[in-house]
Amino acid sequence: MGTPTQITDAPPPAPQPAVDKRAVRGATRPGDRIFLGLSRGSGILLLVIMAAIAVFLTYRASLAISKDQGNFLTTFQWDTNLVPPNFGIAVLAFGTVVSSIVAMVIAVPVAVAIALFLTHYAPRRLRGPIAYVIDLLAAVPSIVYGLWGALVLVPHMNGLFGWLNDYLGWTGIFSWEGGAPRSMLTVGILLAIMILPIITNVSREVFRQVPQMHEEAALALGATRWEVIRMAVIPFGRSGVISASMLGLGRALGETMAVATVLSPTFDIQASLLDPGGGTFAQNIASKFGEATEFGRDALIASGLVLFVITLLVNGAARAIIARRKEYSGANA
Amino acid sequence: MAKRIDVSGLTAYYGSHKAIEDISMTVEPRSVTAFIGPSGCGKSTFLRTLNRMHEVTSGGRVEGKVLLDDEDLYGTGIDPVSVRREVGMVFQRPNPFPTMSIFDNVAAGLRLNGNYKKSELADIVERSLKGANLWNEVKDRLNKPGSGLSGGQQQRLCIARAIAVEPNVLLMDEPCSALDPISTLAIEDLIGELKERFTIVIVTHNMQQAARVSDRTAFFNLAAVGQPGKLIEIDDTERIFSNPSVQATEDYISGRFG
Amino acid sequence: MSTATLTPKGPSTLRGARLPKWSPYAIAAGSIALAVGIGLAGGLHSRVQWGLIAAILYVVGTYAIAAAVEGKRQAKDRIATSFVWVAFLLAVVPLASLIWSTVVRGVKVLDVYFLTHSMGVVADTEPGGGIYHAILGTLEQVGLATVIAAPIGVLTAIYLVEYGRGNLSKAITFFVDVMTGIPSIVAGLFILSLMLMFDMQPFGFAGSLALAILMMPVVVRSTEEMLKLVPNELREASLALGVPKWRTILKVVLPTSIGGITTGIMLSIARITGETAPVLLLVWGNAFINANPFEGAQASLPLYIYQQYANSAGSGAAYDRAWAASLTLIAFVMLLNLVARGIARWKAPKTGR
């Protein structure tokens, strides 16, 4: 390994192995043929798994939905044991979207600020250790966040909730009837803490790629540090921050345990973020699963299928933005 | 408008590495001064000390005095942001803001420094683009992104952006090294016009260019790699290129060196 | 603001009024003191509120003072700086609190007995019992998941980097990205739907399958990155010697990148070790020791934490066990992270830095 292992240029995004074509196509030797077969087979297996997930979830979901007496999308109940069963995902969709929006509203500005802190503000010596702390946040298992959220965060929310109710209660969404603060706002705050690292890390990478010369151009015009960030850093990094946020959103949408431990669920919609109640797709599956009959499980699988499709769309959009950005910056390099 | 620069005993560091040592010189207002010398001799570093851009790089540190009409840029209470507003800079590679239109690029510095009416802004942008000999080429597409221009046009856009805020001094760090000969000629002509209004300092690798555009020329050199760069001599350009007083300068100019 | 355009350029323009260097500290101290005062006077009990009030006072105070002394632009710059610092501190507070509470509450019952005994017949609300069965279950489930996912992941990455071109590799690349975003509970539901088909009861290996689905894309991504770092010159040098391609990959490419690949696999193990949702659906949990992952419900560490919390009916003993199990889990995950980083650093290609 004394041979050159030093890389100066980032490798091209598309894998471009420099090999002669015969070795790829020909595979005349048995060893080559077996090895190619194994590696290609693994790749194909991955595709098969993805297809199987979609097919099986859809199949089991169709078993449940075909017997559903209510409208699967708009019904406000989850009575899978009734004859005939009557259930729908309206409450879950609402809760999932609301908790994720709260998480995004809190996490995105803070994560962008931390990313800027790491690239532009923190003393150089501190940057490494701080980035490490952020990685630690990412490594903590979600069930531990859930436990901490339920036993430490929830009691601390009483004060904040009272304050919000006193001053912003008139808006309706911040009114509080004094129940335990196991509500969508608490869930959103906990989710925000959990998705902070991924948004921070992706944004930091983007901000780090801002060409030095654009920042210097702004400096040379007499811009303050904040003005440099506004003129050169944020415009350059905007699409990257958007896709980072969507990756975080994908996490928040599908998070199960942290919601299941913190929320005290009800199968209805709360107008206020502070009053306990509501539910999310993932939390509902985890909470209802234990007592569910086989039909009940199929119904839960149906709700899981909706969650699957939503996260696919969100993640796909995030990846598409990243891919387009790569092309764009490549053309301009 | 144009101001005199008086440098005395200036030393600059990158961390513990001394990049340039004990440089003293005077740059006359409304003139073009060229810095020449081999790679790594510190001429770009020195240029960047003149608008306090050197300290932006990590570990960058400066000792000594730079007087801009009797006011020390490194004195206590001096705001580096204001310094860079007074001493504009054009970089080696054209660097218009990629997300801004041509108009917004020129107006970028103005918008930082105050509220202008729309008409005022349009006037200044037009004047600056004319000043940079770019107006006729871009007047029909001011709202298009600046990155769509050719390299030479981009560099003139950057010059327009720099002169829009009416600085006292214009620093140019090898402004033509990334350009083709025709664009280079256009920039050189422009420098000749701009020196009527600004004090211009230009770093160049191209000695013919120094001879063509500058009134005075400073030659920088370093004793060995790793040693700090030093100012060898500064004199009228004609004299430097015909009859320099130091042997090293003559060696460099006649190509016997580096 | 229009004064800026009209001011004649005198020599004084360079000399803006500046706040002294110690001013941020002074403002910080002032706002903390004021916040404590407000907190005491208003009878606010939560320290968190005190901190929030101090942070708000600090940002507002910085802006007001800077705007008065230095002007609006400098004030904006300072407010941005203080906001960025406050955001950073905001992120540190929950992390510190989480680690602090886990350690302080976790050490209460964490001892050798706890690590070597199962819950057995100990009721959830009673003190006693341990996590041996859960550790055993987690190790078996994660181990089996790794045995499935690591080879498939590495081989897929080899296909993408060494052989891949055309539509198949594009499709694989795309779906690997898609797979990274699958919520863990959906992976669990997928295996569950298979189990429903064959009318199977929960067992450990079912959990392993779901964990393997979560692990594969992570392994593919990280291995791909590492293989791309291997310079083409090395491959060409080997091929030019007449070494067949598969031997080139096995003897040249993989050994060069083995450190990074190992790191990636370990980090993905750390990730799936903490997954609870699929285990909840597929493995159920078990208070007794079940060493056979292929038959019967098993316990698992993350699931144990959840069940101690959820079934405790507010019992302090159950919470203590949940914290202790959390501490064990975090310690395990952090250890994996540290070792993985160590390997990455130790085996890293030498860069000139």
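The first chain written gets the first letter, and so on, giving A, B and C; residue counts start at 1 in each chain.
In this text, a contact is a pair of C-beta atoms (placed from the backbone, for glycine too) under 8 Å apart; a residue touches a chain by one contact, two chains touch by 3 or more.
A quick note: this is a predicted structure, and the numbers were derived from the prediction, not measured.
Of the two chain pairs considered here, B-C and A-C, the higher C-beta contact count falls to A-C. When chain centres are defined as mean Cα coordinates, B lies farthest from subunit A.
Subunit B and subunit C have centres, each the mean of its CA atoms, that are 48 Å apart. As a whole-number value, the distance joining the C-alpha centres of subunit A and subunit C reads 13 Å. Within subunit B, the positions touching two or more other chains are listed as 81-83, 86, 112-113. Counting partner chains per residue, subunit A shows two or more touched chains at residues 224, 227.
Multi-chain contact residues of subunit C (touching two or more other chains) are listed as 73-74.
Looking at the complex, you find that subunit A touches subunit C at residues 1, 3-7, 11, 15, 17-20, 23-24, 29, 31-32, 34-36, 38-47, 49-50, 52-53, 56-57, 59-60, 109-110, 113-114, 116-117, 121-122, 130, 133-137, 139-148, 150-153, 156, 158-160, 163, 193, 196, 200, 224-227, 229, 247, 250, 253-257, 260-261, 282, 285-286, 289, 294, 297-298, 300-301, 304-305, 307-308, 311-312, 314-316, 319. Residue ranges on subunit B touching subunit C, taken from their complex, read 1, 68-71, 73, 77-79, 81-83, 86, 112-116, 120, 168.
Chain contact summary for the complex, subunit A toward subunit B: residues 124, 211, 213-214, 216-224, 227, 231-232, 235-236, 332.
Of all the residues in subunit C, the ones that touch subunit A in their complex are 44-46, 48-49, 73-74, 76-77, 80-81, 83-85, 87-88, 90-92, 94-95, 97-98, 101-102, 151-153, 155-156, 158-165, 168-169, 171-172, 174-187, 189-190, 192-194, 196-197, 213, 216-217, 220, 224, 228-229, 231-237, 239, 244-247, 249-250, 255-256, 270, 273-277, 280-281, 302, 305-306, 309-310, 319, 322-323, 326, 329-330, 333-334, 337, 349-352.
By the touch criterion stated above, subunit B contacts subunit A in their complex at residues 51, 53, 56, 58, 81-86, 88-89, 91, 93, 95-100, 108-109, 112-113, 147, 158, 161-162, 165.
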